[in-house]
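The structure's right below; bear with me while I get my questions together.
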Amino acid sequence: MNRLGRDAIAARVARDIPEGAYVNLGIGLPTRVADFLPADKEIVLHSENGLLGMGPAPAPGEEDPDLINAGKQPVTLLAGGCYFHHADSFAMMRSGRLDVCVLGAFQVSAHGDLANWSTGAPDAIPAVGGAMDLAIGARQVFVMMELLTRDGASKLVAECSYPLTGLRCVSRVYTDLGVFAVGAQGARVIETVDGVSLDALRRLTGLPLDWAATNGENAA
Amino acid sequence: MIDKTLTSCEAAVADVHDGATVMIGGFGTAGMPYALIDALLAQGARELTIVNNNAGNGDTGLAALIRHRRVRRIVCSFPRQADSQHFDAAYRAGEIELELVPQGNLAARIHAAGNGLGAIYTPTGYGTRIAEGKETREIDGRHYVLEYPLHADFALIRAHRGDRWGNLVYRKTARNFGPLMAMAAKCTIAEVDAVVPLGGLDPEAVVTPGIFVQRVVATGLGRQEAA
Amino acid sequence: MNRLGRDAIAARVARDIPEGAYVNLGIGLPTRVADFLPADKEIVLHSENGLLGMGPAPAPGEEDPDLINAGKQPVTLLAGGCYFHHADSFAMMRSGRLDVCVLGAFQVSAHGDLANWSTGAPDAIPAVGGAMDLAIGARQVFVMMELLTRDGASKLVAECSYPLTGLRCVSRVYTDLGVFAVGAQGARVIETVDGVSLDALRRLTGLPLDWAATNGENAA
Amino acid sequence: MIDKTLTSCEAAVADVHDGATVMIGGFGTAGMPYALIDALLAQGARELTIVNNNAGNGDTGLAALIRHRRVRRIVCSFPRQADSQHFDAAYRAGEIELELVPQGNLAARIHAAGNGLGAIYTPTGYGTRIAEGKETREIDGRHYVLEYPLHADFALIRAHRGDRWGNLVYRKTARNFGPLMAMAAKCTIAEVDAVVPLGGLDPEAVVTPGIFVQRVVATGLGRQEAA
């Protein structure tokens, strides 16, 4: 079966982010989406540790320990960007100003519940960071993940078994095998990777999937 | 390219609908967005709910909106002033509804909206008429009143400089409610003395990040600076 | 009977404000206290419309309509002063950072209730401004008023009959006839104006006044 | 004359008592007040409750406090990191108590303390384990969790420049929690790269007004700027 690599998933997510959008890219995999945003469009990246207008990584030797992203990696600031404190930063999410955030996930349910902060393992040290705030704050939450675990279990599920990050907050799921809309109407397929059939996705996820009415619905 | 600048106040306020809730910046006349208010007056929207610290001074700005019967309801802390004659007349005639809010609660409720909070427990007003009929709670030995956020459809504010991304800086005490209202309104419209090129504002000194601002209009009405 | 004029009351209040204090002077009469603060001490004046380090009125012709105090009069900014928005300004009060605020009053009760925003007249247009926030926010609330109304009624009372601004918030009352401590122990006399006896104050107020244990108690 | 500057970090933290609640600024290492934390370590206060976004990185700063068993309880959003080995060990040994708070709620609760609020209804965490046992309320069709303010006895923060009145400006993303913690603590101690003369900070660009700061120490530890 064809599968998209992580960069290809990131590129696919990037295609759905329109010019002028305010976007937060979660730590880890979603950070890669930045590499695929079109250079000729202005898209404003937000980082919850207090900056808007985040630019790419600095040239080697140009790193500034006071200028980092939420993943604590050195970044730069674009012209038009600015700094602010943590309360203002989270106010941007909570008051609905972020158009899109892109998060990784352990599981996403067909109705849009997100589980991405804990696998519930009893000996694990819990850590939540800004995930719960992003999940309920952004106007649209895009999840980016491989559809299956290493053991072949679907991470797109009827109901999450892992501890929840947010309820009914995800609108799109971008995976290595296809793109899904999730929400009140359940999970639907927006597109599949070449050679992957709707039936194959039904079988892999165990969900009663159908095509989304239009590819554009729920898009940013 | 993101460009939030507009060249006319008329265009900036064209979609303010009848019945809209409109926050208007300013404390007294400092920070009052006169050009935007004039445009709103000309535009003709009626039955407005206005949120401002005062209820208009003299014959211009918010006072003119009230005088022309565009305001159904006003939320403010200090309506009665020496030159608030248009509000006074409308109020005594029963033509305008007043929600009186202590100034700190006004700021806190606007800020709560901007911070996406559902409600806040504030100490101000406990045991007074302002709190009558409101839920109260004792927390750690102190008494608080439950107050709800103030949201708006539009905020009309005045700033000093802005850029095409909507970043704003203010001038002296004209800052007052502007940054809070920008956070609390669905559509924030800023009247500025001048638009500067992107990168022309110090990123450490931007007071209102552009994400909170939808439209910027340079009116060239700067006061001292324009002299 | 001797009475202090308004400037003399203002000067008396000013004497109780120590160096380094953060102070808000209410609109109207309390504003005059600024004129009597010692020039050789640094006292930081706060104005609730968004400035700390407020200086005196500007020279004629130097007024800036963007630089005003809460009473909407033109002021100046001292070196070390700064500007901030209304939420931060009221946070300074609410979080207990203001050492003293000085307010006018219609009535103050012996246990420190304050009535200064409305006389309850049915046809009056209500206006509260920042008085309620100041009353409950400052560490010490000083009231400055004439002791008697024009009709000779005491404004220092057992219980306020006018609508309250704040409960048990006033600590000192500075009047034309004497200085009073108010609070949990009731009203006590700290000092009287020359020629005014304790008995005279008891008669004028109708309150069972005694001398405060020490003149210094409850001072700033 | 008001002079909040001190010449040594030792003097600045001398009165931190055993059992104190201490907010420590910084997000990762940006804005971490290393010199103040070193002084606190040397001072020896124990049984501390620490509020910080993380639970220490590497072997220095907050991590060193934990390693030396000075921290009884930590309130943070993201303790688990690649280099949080000292927290991990203490946590697994049952020697440190953890209150996990989503980052936005952490900021909002600190801010609520600074704003003198009794409690806030926040949307974050509704329906999750974080909200278990907490009061919730539906307001205008949205669900909220009741959260209480986070106060502190001391805040140790790092800023870029300060003056003798305590006014502060920060540097880039080292700002993060500093301005909020300064508002929420009874005694705020700021470590700065340099103290400037009064009037040396632009009054329009001061981020933390001096009223929120009790002590300022110039450590000369500025990063890029010191180079």
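Structural remarks
Letters A, B, C and D mark the chains in the order given here, with residues in each chain numbered from 1 onward.
FYI, a residue touches a chain if its C-beta (ideal position, glycine included) is under 8 Å from a C-beta of that chain, and two chains touch if they have at least 3 such contacts.
This structure is a prediction, so every number in the text was calculated from the model and none was measured.
Taking the CA centroid of chain C as reference, the farthest chain centroid is that of A. A count of contacting C-beta pairs for C-D and for B-C identifies B-C as the more extensively joined pair. Distance between chain B and chain D, defined via averaged C-alpha coordinates, is recorded as 32 Å. Averaging C-alpha coordinates per chain places the centre of chain C 35 Å away from that of chain D.
Note: centroid distance chain A to chain C, computed from Cα atoms, is 55 Å.
Mean C-alpha position of chain B lies 29 Å from that of chain C.
Under the contact definition stated at the top, the residues of chain D that touch 2 or more other chains are 108, 111, 115-117, 122-123, 170-172, 204, 207. In chain C, 77, 83-84, 87, 90, 93-94, 137 are the positions where the chain touches two or more neighbouring chains simultaneously. By the definition of touch given earlier, these chain pairs are in contact: A-B, A-D, B-C, B-D, C-D. For chain B in complex with chain A, the residues that touch the partner chain are 1-2, 113-117, 163-165, 167, 183-184, 198-199, 201, 203-204, 206, 209-212. Contact residues of chain C toward chain B in the complex are 47-51, 64-68, 72, 77, 83-87, 89-90, 93-94, 118, 123-133, 136-137, 163-167.
The touching residues of chain D, when paired with chain A in their complex, are 27-31, 77-81, 87-88, 91-92, 98, 100-108, 110-111, 122-130, 170-180, 207, 223-224.
Those residues of chain D that touch chain B in the complex are listed here as 108, 111-112, 115-123, 137, 139-140, 142, 144, 148, 169-172, 202, 204-205, 207. Residues of chain A touching chain B in their complex: 19-20, 22, 42, 44, 46, 52-53, 77, 79-84, 87-88, 90-98, 137.
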